[in-house]
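Before anything else, here is the set of structures, which you'll find just below.
Okay, so subunit A shows up in both of these, paired with subunit B first and subunit C after.
Let's turn to the complex of A and B:
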């Protein structure tokens, strides 16, 4: 393995582990107003009047009337208001903000606000939803003919639930008017330029009228991709209106009820099978977008592009819709639409294989894509598809094939075992031509007179290690010790727009820009002089242009691959399942730091296990999320961490730094199908079709068996 | 006595009882529930330094666990019954077991309290003290449901009295949503004993499924005094009696799930007893 893979101590390790890092909640409160949001209590209503209690001096109420520019947050369609318009569309929507010096008094005043509503009929059930924010379709081949000629036809529906990102630090933003009239906004975030752009629109100012800085951020997982733009605009409006610094840090319940999470989904798959080949898939994907469109367009795109999985299916028809419901807007979470469709297609393959009396893995292998094959969108798999070798590696690591046979025998007694496997990819980087047409990333290196080099890029450290891996790349090219190269949290007043911290793109795309910049800096290096070099994104020459209108072309330049196997044991007395082992093989190209990558892979696997099992969140008919605390919404604890074995299979990507590809999202994507396949085997092979599959579901399934 | 900003610290039981009677205070031992509770502005009576409440002792009939004894201390004590240790070792996580106490688990009034379940199954008694005297009551009558207890506003829980017994068979199972830091969704404790070939005790207690820990003594009576053979013959009707009585509430999980798991655990207990 490349020497760059050797682990170093993360640059932010010391301050974080010793408690010296300053998070947005840690800045002194003196002179800062505490902001508390007034949330809607109804899923859909006209807001007739807000009766605000008499406010003591120094206390303020702000709402849509205080927005100096346009009351719309720039995300994709810009339909989400900063503060509600004449109607509220979900429980938790921000109506206004109370601000003042004393937190408790602000909360009391907020609670004393009386909102007069005219109730409207909400749509909270996804199955009853009809309004589509986005509706896409694409396909190739002759699907109808393939169904007409099929030996067998399958028709199944799969469901997935919400998943809460459960970052350890809740959402928090702070806005401070600066003396020159500029608004300084900072806090817990992934994408400083998203916030920056949203602010210019809401404040009605030019790009120099705002400055956005990412504070030390306690986890994000996608949850801080869109919401900080919303909260950032809210505190900025409050700071603009009051002329004082305003900070709003959500409490946990508020955060869980009112901020984005993974889209619940219903996927219907029809399959035509001839021999042991799937000849056609006819797929209908529905995502619950919630009340505003926010990021649903791009989440849905990634979801439907991945819908046929890692298989070469000659005839495909895919329809995808993101439907509006009067519930919290869903957004980004590790995997970004793909976990839902990969779950569906992998369970479908499992079920077809069983029906055909074939081994589920062998059936998958017979249908796999290979290098040079066309992708679902008629792009090309330009690089090797290492899945067959990875399958063998997993089999060696956990004796998958042997256990699969062993556990297929009838089981009785308290504990029953199963093992399941799934195959998936993560399309590395932004979907489609986003990198070329929208992001147009720029990154800079600034060399100081003393020979130290600062990386200027807008990617934020959110635990994924960019403050360490970026400097590793630059230090290597420049031949400098790692402590001579540094990368601070991004400040839009200082760094160019190298794009958001999303889509597992930072290392692969921006890391490569930095590598190229470092090569140039080395060539131009003059001792004792201050120097700066800048690099711009170039689309790889091999990449086929992607048309979003037709869903045609290379949706991604390359792919990271995963094989995931889960072995579990079900307690038939209680319904609880214990994961005996989670084994996964990942091809993320060259790891730029083994510890960082291993941490990412293990963490993602565990989040996937939570998503598949205990992480259950839903809303009642009124649209209220009840599991809004960590005693109601369970995530795996240290004691639930099973035997995690993560392996790396390296297929170098020539356009990534030293062969690196996108990594962060990959480990979660394949877990639900592997988990449920294992559960299905343990429960005797009945067809299961939803996650999370909880202890209650197990007891329910066993009751059916007896009944 | 120290009057701190959050309330009062007592250093003897006498001092604690004086404060309890004269001030509007919430008794605070480990504070693991109170710290995350809603009484942020309340005055607390801090009890963790009252020596009389921190001992584990025994006499002829009972192991006596002080109300401010922590779960970790109980786990380290040779006196505490094994069944109790089994339950206590599954409470929350080590940091919480280092602070959480037997008195707090009781006073919290939750049917999900894991130590209380074992106390109910074991026919434990509580010694309640006040400035004007003391009384001993069955733990079964102490918890009244939904956070309410029989504790008077001038009283403190002094001790839990665990009957000394060495039964033929004990059974404990906690069903949480995960392996640690899990509030019980269903919990079950069973104690089985025979004397001269006849069943002398068959206690079955169900936690976390209703307002209080459930125990059905009239059903237990079906088998008391029976031989193993007779009890085996009665097993089906015994289980059916529970099935009829277990009318459960829904909480974080459905009532049907709770009922199914309760019956599974009851059956497992009976099988372990050889019935």
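Let's turn to the complex of A and C:
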């Protein structure tokens, strides 16, 4: 393995483990107003009046009337307000904010606010929703003809639920008016420039009127991609209106109820099969966007592009819609739309194989894509597709094939076992031409007189290790010891826009810019002088242009690949399932630090197991989420999956630094299908079609068997 | 109303006192009055372990402890613990295995490891997982943390 992969002590290790790192809640509260949001209690209503109790000196109420600029938090479209307009559209929407020095009193005053509503009929059930924020379709080949000529035709529907990111640090932002009139906004976030741009609109100022800094961030996983723009605008409006620093840190229940999560989905798949080949897929994908569009467009794009999975299907028709409901807006979460469709297509393959009497893995292998094949959007798999080798590696690691046969025998005892496998990819970087046309990343290196080098980029450390991996790349090119190169949390007053910390892009895209910058700096290096070099994104030459209108071309330059196997044992008396082993093989290219990559893979794999099993979140008919605490919304603990084994299979990507590809999201994507396939086998092969699949679902499935 | 009584305790080896309400949460008092911001708040409901401290050597979620209950006790937070030789061993082990990602669970996790190792200086993997199961970590998948505690137990032979 490349020496760059050797693990080092992470740069942020010391301050974090010793409790010295300052997260947004940790700044002293002297002179800072505590902000608390007044949330809507109805899913859809006209807000007639807010009766605010008499406020003591130094306490303030702010709402839409205090927004100096435009009451729109720009994410993709302009529909999300900072504070509600005439109507509220979901339970939890912010109507206003109470601010004051004493937190308890602020909370009491907030609770004493009386909102007069005129109730309107909400749409809370996805199946009843009709308004589409986004609707796309694409395809190739002759689907109707393939169905007419098929040996067999299948028609199945798959469902997935919400998933809450459950970062352990809740959302929090702080705004401080500066002396020169500039607004300084900082907090727990992934994308400082998203917040920066949203603020200029809301405050009605130019780019120099605001400055955004990422504080140490206690986990994000996509959950701090869009919401910090909203919360950041809310505290900024409050700070602007009161003239004082304002901080708002959500409490856990508020965070779980009111901030974005993974889109629930309903995917309907029709398949035409001839021999052991799938000849056509006709796919309809529906995502529950919630009340505002936020990031749903891009989540849906990624979801539908991945909908045919890792298979070479000659005829494909895909339709995807993100529908509006009067529920919490859904946004980004690790995998970004792909976990839903990969779950559906992988379960479909499982079910078709069973119906044909074929081994589910052999059937998948017969339909796999290969290097040089066309992608779902008529792009090309330019690089090796290592899935066959990875399948063998997994088989060796956990005796998948042997166990699969063993557990297929009739089981009738209290404890029953199953093993399942799934195959998936994650397209690294922004979908389509986003990197070239929208992001246009810029990164800089600044060399000081003493020869230390600072990395200037807008990507934020969120636990994924960029404060360590970026400097490793630069230090390696410059031939400097690692402690001579440093990378701080981004501040928009100091760093160029190298794009957001999303889409598993930071290392692959910005890491490569930094590598090129380092090569130039080395060539231009003059001892004792202060120097700066800047690099701009260039699209790889081989990449076929992508048209978003037609969904045609290379949606991604390259792909990271995964094979995931889950082995579990079900207790048929209690319905509880125990994961006996989770085995996964990942090709993320060259790891720019073995420990960092392994940590990402293990963490993502466990989140995927949670998503498949215990992480159940629902709303009632009124649109209220009740599972809003860690006692109702369970996430895995240290005890739950002791046997978690990740392996790496390295296919170097020539356009990534030292061969690295995007990594962070991949490990979650394939888990739900592997988990449910294992569950299906343990329960005797019945067709299961939804996650999470909880203990109650197990009992329900068994009751059907007896009934 | 009665004059508020002073609540006395030892914090990180030093005498400390609190004159606010006995119903106030230890978590808030540690963070606000004593500026022990290494004690994190992840839920305020006793579910996540980010606010864990040691009270007379036992692991407690400080969000669920009223100030009235700490009278006469000795409290250790990460701010005190980081000065110890045992911490240095855990620190090295966590560093070697990159067991810290976002870091928000970490101070609580370290104190959970201390509580575990002082009860079981040679813990099995199962005991480690049990001992850390009250501390949620969303980033790591726990393997690195469990392995770090295992390695600290070996490296720190005789310390616990």
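Heads up, the rule we're going with is that the second predicted complex is superposed on the first by the 707 of 707 C-alpha atoms of A that agree within 3 Å, B and C clash if a C-alpha of one lies under 4 Å from a C-alpha of the other, contacts with A are read in each partner's own complex, and residues count from 1 in each chain.
We take it that a contact is a pair of C-beta atoms (placed from the backbone, for glycine too) under 8 Å apart; a residue touches a chain by one contact, two chains touch by 3 or more.
As the structure is a computational prediction, the values presented were derived from the model and not from experiment.
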A:622 touches, of subunit B and subunit C: first, second, both or neither? neither
Contacts of A:703 with subunit B and subunit C, given as first, second, both or neither: first
Subunit B versus subunit C as contact partner of A:48, first or second or both or neither: neither
First, second, both or neither for A:7, with subunit B first and subunit C second: second
First, second, both or neither for A:602, with subunit B first and subunit C second: second
Which superposed partner A:637 touches (first subunit B, second subunit C, both, neither): both
Touching partner for A:216 - first (subunit B), second (subunit C), both, neither: second
Between subunit B and subunit C, more extensive residue contact with subunit A: C
Touching both subunit B and subunit C, residues of subunit A: 631, 637-639
For the subunit B and subunit A complex, residues of the former touching the latter: 93, 173, 175, 177-183, 185-186, 252-254, 256-257, 260-261, 264-265, 268
Residue ranges of subunit C touching subunit A (in the complex, touch as defined): 31-32, 35-45, 47-48, 50, 77-79, 82, 90-91, 94-107, 110, 125-126, 128-130, 132-146
List of subunit A residues in touch with subunit B within their complex: 414, 572-576, 578, 614, 631-632, 634, 636-640, 695-696, 699-700, 703
For the subunit A and subunit C complex, residues of the former touching the latter: 7, 9-10, 12-23, 25-26, 28-29, 165-170, 216-221, 251-252, 462-465, 593, 595-596, 598-599, 601-607, 629-631, 635, 637-639, 641-642, 644
